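Per-chain residue numbering starts at 1, and chain names A, B, C and D are given in the order in which the chains are listed.
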Amino acid sequence: MTSVFWTWVAAFFTLSILSFLYKDNPFYKFAEHIYVGSSAAFYVLQLWVFDVYPKLVGGFQYKVGIEKWILIIPAFLSVLMLTRFIKPISWLSRWAIAFTVGMAAGLGVTGLLQGFLVPQVKATFLPFYVPGTSFWNSFYLSVNNILIVLGTVATIFYFYFSREHKGALGTISRAGITFIMIAFGASFGYTVMARVSLLIGRMYFLIHDWLHLA
Amino acid sequence: MVPLLLSILFSLEPVRNVRAFDTPDDGGGSITVTWEIPESDTFITRIEIFRMEGSTEATPELVGYFLRPQTQFVDNTVEDGIPYYYFVRIRSDSVYVDSKITTTPAISKAQWFSGRRLPALIILVLYFGFLMFYIFKAKTGGSLFIRKIAGLEAIDEAVGRSTEMGRPILYILGLGFISDIPTVASLAILKRVSKKAAEYEAEVIVPCFDPIVMVAAQETVKEGYLEAGRPDLYNEGQVFYLTSDQFGYAAGVDGIMLRQRPGAVFLQGLFFAESLILAETGHSIGAIQISGTTAVTQLPFFIAATDYTLIGEEMYAASAYLSKDPLALGTIKGEDIAKMVLVVLILIGTLMETLGIHWLSNFFALF
Amino acid sequence: MREFFEKLGKIDRRIIYLIVAIGVITPILFKARLPIKPLPEVRQAFDYIESLPESSAVLISIDYDASSMPELQPMLYALLRHVFRKNLRVIMLGHWPLGVPLGQIALEDVAKEMGKKYGVDYCFLGYRPGIAAVMLNLGKEIRSVFASDYKYTPLDSLPMMRNIHNYNDIALLIGLEAGSVGDFWVQFAQARFNQKIILGSTAVITPDIYPYLQAGQIVGLIGGLRGAADYETLVNTPGPASIGMYSQTVVHILVVALIILGNVGYFVLRRRK
Amino acid sequence: MKREIPLAITFISGFLLIVALFIPHKPFGTLQETFNDWYIIVSGFTMILGIDSLLLHNWNKVKRRKSDWPYALALIMSFFLTFLWGLYSIVYEPTHNPFAPTASFLKYFYKSIFVPLQATMFALLAFFIASAAYRAFRAREINSTLLLFSAALVMLGRVPEGEQAAPYVFGIIFLLFAVYFFIEASLLTAGFLKYLYIALGVLLLAAIYPVGKLLLAYLPKIADWIMNIPQLAAKRGILIGVALGGIAMSLRIIVGIERTYLK
């Protein structure tokens, strides 16, 4: 019995969200507000159970020496953040923001350097001639490599900012935008399947689990 | 006697060249052990690594094992400064043979510089050099050209049109945390938008996904209003937190779009699958939409559903472009020079690969 | 006539939504099915499970959550049906805490359907934090991370677990992946312990997993809803995925058709200007 | 002071993280993790500000009886009910964890309310992707035509039996283009452009059969090729730009050129 009740609850919320496609209506409004409110609470609980409790409370309990006492810094920064509740000293929260923004900058440099710049450049070092199983196979593989290198270079030039895109730069940056457009089309088409899968999942729930039609 | 006999039967030879040494480029507490497996050993079912602390006389302790042929083991259970000796045992079911014990002690210690990352350091120093050079050059005068970026030109127009229609402006910072650079870049654009809005006395609504981003956005909008000379118009309720659930946030923002009917919608920052939900709803209410993200997978959806899109790096160039700050523009020039260098590097690299010289690509692989 | 073409250029979005909805629902309602030719990597996975001797232990890891459910849940059902039909034993755990219960639902469902007994034919361990740590400890002694199952029953009280201690006692590991946990499985369980692995993945991350298949590091790969449909076909238990495949093809063709219609309208309109 | 201290904090924390990349020795080797832990702690406490903001925002709507205020009240109530339910699971249930598989919080709230809401919101994308494609994919000029073609090829190349449908779909597209070119040509006076259009139209008609054959035989391979060659090249170019721009942006933040929340 309870499982039937909860299936109906799930079906109600599914239909309420879908009704949004027609137009805004009380059902969608209700579902939306419930969703925002309950998910906010959900993430508060999740943050506490999986992050703050083990990292701060657990840290103070199990860590020793400097590793334990250094946790005073984030605790202090947290207090600074909460000074926003007290108007006259709320500017102190900027210190905490400053730390997080500094982290963004530091992680930005290290992450982009290690994760993107060097690997992507390295991956573009492709030979223009690839020996294959036959002449045409070799031709195909070689042309592919040449296309990747040229496409990458042309796309980089599209992002050249400090000069007007005229003349040679104009030509190559236009080639770049052509590559970008083909890529966007392909990437769009590639995603359709995954998105339709999600809808199939929901429809299957309604038809199979709720209405028992199929 | 029996094991010995069997070992002859299976011709189980001990592994050779067992070496143990401090793991390079690490923070200590680690020793790497390597060895070679003789080709005749085809019956190995298990490899065991034994360690002796202090001297070769100490009792051996099993520190690790493999169920398939491997030639390297990293022992992360050692303490710095203590000499260790190792030997490797290979087994074929119940039969086993031990290798010789390592002769030189392995002592773990932490390094002060990661040699592995030298190429990264060189690249970073060179790039920072370019950037700093152009910053100083900008300081000593000389104007810098920057090509037109349509999406940024449209910002003032969008704010103006929205004000004319008597509608608010909706600014969406995406799902990024403040530790993501695209979010910080988006805040720079938000500052410009809120300054313009304050000049026109229009309302800016900023629903947030992350509480720290919310706090930073509140400060940014306040600063924008202050720069426009209208701090009186700012009210903290304009910038508020919704929820940290991806689709809960999308549902909430959709609701705001439908009910407050903004005339201009900005989608700037880090976006994931919700990008199209937001952009399509924004389109359905007839708002002018200016989007921008560095998330390559979401760019096609923004291109399809919004009026203007800042593609990748254009978003980072936005703050320099909008503020016309010569120092910031200097870094844009530095970026462009770095691009030229990279293109030349890529062409040299491909040429070398074509000729079968792998030196450059190995250098880049050092990470 | 001209008006008609112009309308083609600006069909109301609600009509498009309706077309998509009909395209998805009709095949589901009529249980329409396309003849599916399973991809070789999916057949490889199927054949491997077929080859396992009766009552071998299979470890299934739930590394996804609700948002990837439509793709991975049908896969899990098909795999469980196959595994139980072969009288293999299932141990389930997971690395995405919020997805683990979804795995449990499927496990209980299929077990009930096939008349399997908890503790004898299958057991559910749940979630423990620390991805690499859990995987490495499974190589030594499963009890060092999971002293008990999700109901706090000690593992030794479960008949099927008595002789299972580490990867040596597990014939196959099946990881259902929506993120990077699959990389960890390959890195730790396969590279270090030579564990045989089959990965099932969402369409989005499948391209990242292909190299493992090519390198022979995994013995099978089931990618996206398509892979799930293939597996359902192989196991001969048509479910949401095979039914969904029809909807997929219909919707893809509908979208392309809509694009064509839009362009016809657009060109007629442009001609007039 | 109000400005210098935050700038100094940003500089120090950013600079330390960069330096730490090259120093494995303690405490630098683990600095990134340490900072991440700190960040999580700070963000946990900032959540209090977030929740305060959310509840206050909606409570004001209720208090002032703004339109839709009952929904705002529902939001506030759903927040507290969910929160209390979770607390109940923490305090009274044997696992003391609302996210344990046996917790009632997870069994009922998560499975029957949260998941359907999340999954349905996500599923809306199937509709939006169709409407966006219909509206935006117009063959305005050469680049948008290429975008359209690559999208259509990849879309059909990814589904079973897609290669069966593709020859017809592309046949119709080619036919339409040919008709378009002929109409254009008929409206032009004799000249180079007129003959060019006619030639293009004829070419397209002639291409229908061979292209159809090609698609029937190779469509999934063609779709893969588009993904692996041109798509990859452009993606890589964009990513290199993003990396350069992001590093430059980070440097601007560290040296204090970029200060969004400060004057």
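Just so we're on the same page, contacts are C-beta pairs under 8 Å (C-beta built on N, C-alpha and C of every residue); 3 or more make two chains touch, one makes a residue touch a chain.
Only a predicted model underlies this, so the values are computations on that prediction, with no experimental measurement involved.
Shared contact partners of chain B and chain D, listed by label: A, C. Taking the mean Cα position of each chain as its centre, C sits at the greatest distance from chain B.
When chain pairs are compared by contacting C-beta pairs, A-D ranks highest.
In whole angstrom, the spacing between the mean C-alpha positions of chain A and chain C is 22. A separation of 7 Å divides the Cα centre of chain A from that of chain D.
One simple way to say how far apart two chains are is to compare their mean CA positions; for chain A and chain B this gives 12 Å. The geometric centre of chain B is 28 Å away from that of chain C, both derived from CA atoms.
Chain contacts: chain C has residues 13, 17, 20-21, 24, 67, 69-70, 97, 226, 248, 251-252, 255 touching two or more partner chains. Touching of two or more other chains is recorded for residues 17, 20-21, 29, 31-33, 35-37, 39-40, 42-43, 47, 50, 81, 84, 94, 97, 100-101, 103-105, 107-109, 112-114, 117, 121, 124, 149, 152-153, 156, 159, 180, 184-185, 187-188, 191-193, 196, 198-199, 201-202 of chain A.
Residues of chain B in contact with two or more other chains: 120, 124, 179, 181, 184, 212, 215-216, 219, 241-248, 251, 259, 296, 299, 301, 303-304, 311-313, 317, 332, 335, 339, 342. Residue ranges on chain D touching chain A, taken from their complex, read 2, 5-7, 9-18, 20-21, 32, 34-35, 37-52, 54, 68, 71-72, 74-83, 86-87, 90, 97-99, 108-127, 129, 133, 137, 142-144, 146-155, 157-159, 223, 225-247, 249-251, 253-254, 261-262.
Chain A contributes residues 6-7, 9-11, 13-14, 17-18, 20-21, 29-52, 55-56, 59, 70-71, 73-75, 77-79, 81-82, 84-85, 91, 94-110, 112-114, 116-117, 120-121, 123-124, 144, 147-156, 158-159, 176-193, 195-196, 198-199, 201-202, 205 to its touches with chain D in the complex. Residues 66-68, 70, 246-247, 284 of chain B are the ones that touch chain C when the two sit in their complex. Every residue of chain A that touches chain B in the complex is listed here, in rising order: 17, 20, 24, 28-29, 31-33, 35-37, 39-40, 42-43, 47, 81, 84, 93-94, 97, 100-101, 103-105, 107-109, 112-114, 117-119, 121-122, 124-129, 145, 149, 152-153, 156-157, 159-165, 180, 184-185, 187-188, 191. Chain B makes touch with chain D in their complex at residues 25-28, 110-114, 117, 120-121, 124, 127-128, 131, 135, 177, 179, 181-182, 184-185, 187-188, 190-191, 208, 210-212, 214-216, 219-220, 223, 226-227, 237, 240-248, 250-251, 259, 273, 276-277, 279-280, 283, 294, 296, 299, 301, 303-305, 311-313, 315-317, 319-320, 325, 327-328, 331-332, 334-335, 338-339, 342.
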